[in-house]
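Common to both upcoming complexes is chain A, partnered first by chain B, then by chain C.
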Partner chain A sequence: MKIIVCVKAVRQELVFINKVQQSTYVINPYDLLALQNAINIKNTEACTIDCISMGPDSIREVLVKCLALGSDNAYWLNDKAFAGADTIVTTYVLSKGISKIGEYDLIICGEQTVDGETGQVGIGLAERLNIPCITNVEEIIDFTDKYIIVCVKYEDHEEVLKIQLPALVVFKNFKLISNTVSLLHLKKAQRKEIVRWSSNDLCFEKNWCGLAQAKTRVVNVTPELIVKEGRLISGNAKKKAVVISQLIQGRFDADNYG
Partner chain B sequence: MRIIMDNDIWVICDNLKYDSDHSLQLITKAAQLSLKITAICIGKLNSEAMERLFSYGATKVLYSECENDNIRVIASILKQMIISYNPGMIMFLSSSAGKYLASVSSTYFESGLTADCIDIAIDIDNEYVFSRAALNSSVIAKIKCQNSHIRMCTVKRNVFSIILLNMQRKVDIERFEYAKSSISDKKQVIEKLNFLTYNKYVNNDNWMAAKIVFAIGRGVSNKSNVDLIKRIALKCGAEIVGTRAAVEENLIKKSRQVGQSGVNICPNIYVGLGVSGASQHMVGIKNAKMIIAINSDENAPIFQYADYMVVDDLKTILTELNTLF
Partner chain C sequence: MDFSMSQEQNMFKRETIDFIRNNLNLEEFYEKYSPEMWQKVAEFGLLGITIGEEYGGLNESYLTAAIIFEAFGYACKNNGFTFVINNHIWVSQNLIYLYGARFLKDKYLKLMVSGERIGAIAITEVEAGSDALSMHARAEKDDQGYVLNGNKMFISNGPIADIFIVFAVTEHSQPKKITAFVVEREFKGVKIGKEIGKMGLNACPTSEVIFNNCYIPKENVLGQYNQGELLLTYALEWERFYEFVPHIGVMQRIMEQCSEHVRTRKQFGIIIGDNQSLSHKIAEMKVAIEMSKQMMYKIAWLKDCGKTAFTETSIFKLYVSENYIKTCRDALQIFGAYGYTKEYDIERELRDALACSIYSGTNEMQKNTIYKMLSFI
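The block that comes next holds the complex of A and B.
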């Protein structure tokens, strides 16, 4: 069985604040859960895991981490032309990378990234590869090389689905802390080759080149959230708490305060 | 002067309940942007629900009968509809089903898609401008589509309000016949083995309408503070919500997440407890009438948006508050 896991590197401070971490980038927590589920399969069935990630020069450490956690190969889609990619460009580039990897049985994605938060890439990727896509996956219950059985959870019901492979599943949850990686594994991973492909390697159709093909464009950013001239509540903790309680109860007398 | 488009806007209605609040919110907004609003209903026949859409701004309903609620079949039918009619802009609900349909359609038609918009406007060049929270900063990004014929967006629930028209619009329901041959092959691939409905989650979303909410941010930092907040909330009739960071820290459950990737609310009083104020969270409460922020960091962005600011240790303030109710 061959599993491909799509991984995005996200800035560390988006995931951990006030925690000491040495790295600039970490695996997007939603993708970390996807990878963890692939590793669980590998623990019981002979299979290979390939991680694939599109990202700039600085995300190498994340791919090394994927290898150290148990991925067999790591593919890095890296080209300046990919900068500013929207979901359309991202799914296009990933689909080309996956096609170049070749045969696969299962693709696993996380629901969304903590930076973009669009939640569109997994579904769009399946559409491009023309394979079935199951979203909201909670758990992989069973698998063979012909099909997988998954539990899918919605707000009000759950379903158990059997899907013929190849297919793409999107996990709905995230995982913050990866299993600890031994120093030995990390050292081994550092020596492993990471396959790096640019747009030239990926056999793009003519005219397809990153930003020029993006279907959305940010025209401007505005601090549209209303900035207010807030009133600072001063005094000791007790006084502050009294004002807060008055505000909540609608009996704060603004004119006679302070 | 408000610019109104004369090209067609499609609103893809909830396939299980065409006239859900969420669908009506999108139809109402679409009616402010264009003169031609087509509501797309793919599912079981429900004339009453379809006719109701005309009272909120729909000028046409395009209906296709689909007995099962298989989202992949619905997506195939929708593709055929888009090919036949070529709409200018499509609005999807940002439910699981809506996101699926949006993603499939935008990929298939290579069209620009803005996920989870909080506003849609038309600029002086007669182009749609979609707003959403920018990546982890306290600003809103305004996004336009390019290189695409169809513009697409998903819109969260409760971003727009519902307005009932005071005039009766002509009911115009067109039935769309799709080519069944093109969708039959995909159905075999996925088989439903089991189906379980649980009552405990069934639409218990009254909390969204709460007048007072306490928002838990990462600064709450531990369960004992959460317990304290729950106790105070119970005493003053407040509901508890949280930021994405708080969900990730396991301080509050995912269903109570407010903001870009959670729900939107508009309480009378919002109290941010250890909430830093990232735009992804703040867009979810931008209509709150009063914002009270408590944070130990005087530089926390939330203070820019707060009506009342309290810079202090959270635990100390909570302990004091607990004695006052």
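The block that comes next holds the complex of A and C.
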């Protein structure tokens, strides 16, 4: 089985608001979960994982980290012409890169990135590659070299779907902390070659990509702080138990509590 | 000279800092040893940083190791635990790797690099501190090996170590001849004394180690028979470098804490950093850090060239330790009453720091060495 994981490098301060990490760029948390799911498959089944990422010169370390975490190969779509790409252009460049890699069984994406927040790349990429796509994936339940079975979760229900390969799945959740990478894995990853492709390597004109072709522009991204109202339950254990019971049963009268 | 770090060194450094901050700064273990933390460090691959890949190590340069251990001191607030790791790596495992026979390397190194065995060095005795060569521990030779008798005092890692590098008198001539041995905790006649309570570095357990008719196989001689004095100088050279490299990182961490404090705390309507009496203390910290780093790079370079750094490591030890203590002492003054409380880390940092003018040869002994070595320069 061959799995391709699409990874984006994002600035660390967008992920770790209160906790400064040493690297300027980190793996987008949604993609980190996607990669983790690919690694979970690799731990039980013979397969290879290729990570692919489009980004500037400064993201090389993120790809090294992908290799250290368990990816077998890393492909880096790196060209100044790619700068300013929106999802339409990104999916175009990624599809070209994936086609150049060759045959694959499964492509895994994270639902969105913490800097773009569009959530369109997975779906758009599947469309360009003309393969089926499942979004909102919570878990891969089973897989063979012909199909995978996934659990898809919605707010009010969940579905178990079987999909023929090759296909693209989009994981809905994210993962903030990557597993510890040992120095030995890091050293081995640093020795591996990262395949770097420019627009020339992907055989398309520079003016077909980047800012020139982008239909949308992300002007700014700011984290929104949502503060939920809390209420302190006072009184002895018995009184607290009554209140909690009422809360669970939906019978709690907040106006008369006190 | 090129002072830039390679991309690989930069990544090692960053990964080490992130790993430590995520795994090792657990307050409940600031004053006691944690086997779980030891296991995590072993899995991270730090123990075999300069050891060959055939023994599970990374085979990195001494410069890379210095960069990583400076980062270790910077990120790890548990100075005692840092001390445990350095004792294991530099004055136990490293001696076997550099000076041990093939048999010793094959028998012990993989286990030490993987963290399954913890190492310690045993030189000091009750009556033999700075004057280490006046030691009384003796090893009598017989057909199959040696019988070791004696007590070793203030052995860092003593209560947790599995492998001891023990120095003992093997010939009572004048001057005495000394030999180094690799002694397993499980050897008959090895007894670990009660843990010794200390002022600081409490995450590194310390004890007496007693050898009573302890039988050592002849293969466990480290280096050459009767050449232990030379090995002792090598051991101290490694110790005076790598035990003190993390202190540069600690100084950096404390300086940053102080810098933030003086920029945010106001008294008499101004931030206290506007008072030169405080800002100059921080400037002095920065100078000490930079000067220590320059020396660190030079010694790492010497070691990577396979050269001796006996005088340089004495100078380094003396300079870093005096400035490490001064930095902590000044930090306490900058933080005032808050620094003196247990709520803040500064009082513990100072308690941990104070030992460094004593261990690895007192600072007074370093001055003797530096002065004596002038005649060789």
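Keep this in mind: the second predicted complex is superposed on the first by the 211 of 258 C-alpha atoms of A that agree within 3 Å, B and C clash if a C-alpha of one lies under 4 Å from a C-alpha of the other, contacts with A are read in each partner's own complex, and residues count from 1 in each chain.
Note that a residue touches a chain if its C-beta (ideal position, glycine included) is under 8 Å from a C-beta of that chain, and two chains touch if they have at least 3 such contacts.
All values derive from a computational prediction rather than experimental measurement.
By the touch criterion stated above, A:23 is placed in contact with chain C alone, chain B being left untouched.
In the superposition on chain A, A:163 makes contact with chain B only, not with chain C. Once the two complexes are laid over each other on the shared chain, residue contacts for A:186 go to chain C alone; chain B is not touched. Of the two partner chains placed by superposition, A:99 touches none, neither chain B nor chain C.
In the superposition on chain A, contact of A:144 is made with neither chain B nor chain C. Of the two partner chains placed by the overlay, only chain B lies in contact with A:217; chain C stays clear of it.
Residue by residue along chain A, chain B and chain C are tallied for touches, and B comes out ahead.
Residue overlap on chain A between the chain B contacts of one complex and the chain C contacts of the other is empty. Residues of chain C that touch chain A in their complex: 7-8, 11-19, 21-23, 40, 43-46, 49, 58, 60. Contacts from chain A toward chain B in the complex involve residues 14-15, 17, 29, 86-88, 91, 112, 114-120, 123-124, 127-128, 132-136, 149, 154-164, 167, 174, 176, 213-228, 230-233, 237-238, 240-245, 247-249.
Touching chain C in their complex are the following residues of chain A: 19, 21-23, 60-61, 64, 177, 180-187, 190. Taken in their complex, chain B has these residues touching chain A: 72, 96, 99-100, 102-104, 106-108, 110-116, 129, 131, 133-148, 186, 188-198, 201-203, 212, 218, 236, 238, 244-245, 248, 255, 260-261, 269, 271, 279-280, 282-283, 286, 290-294, 303-313, 316-317, 319-321, 323-325.
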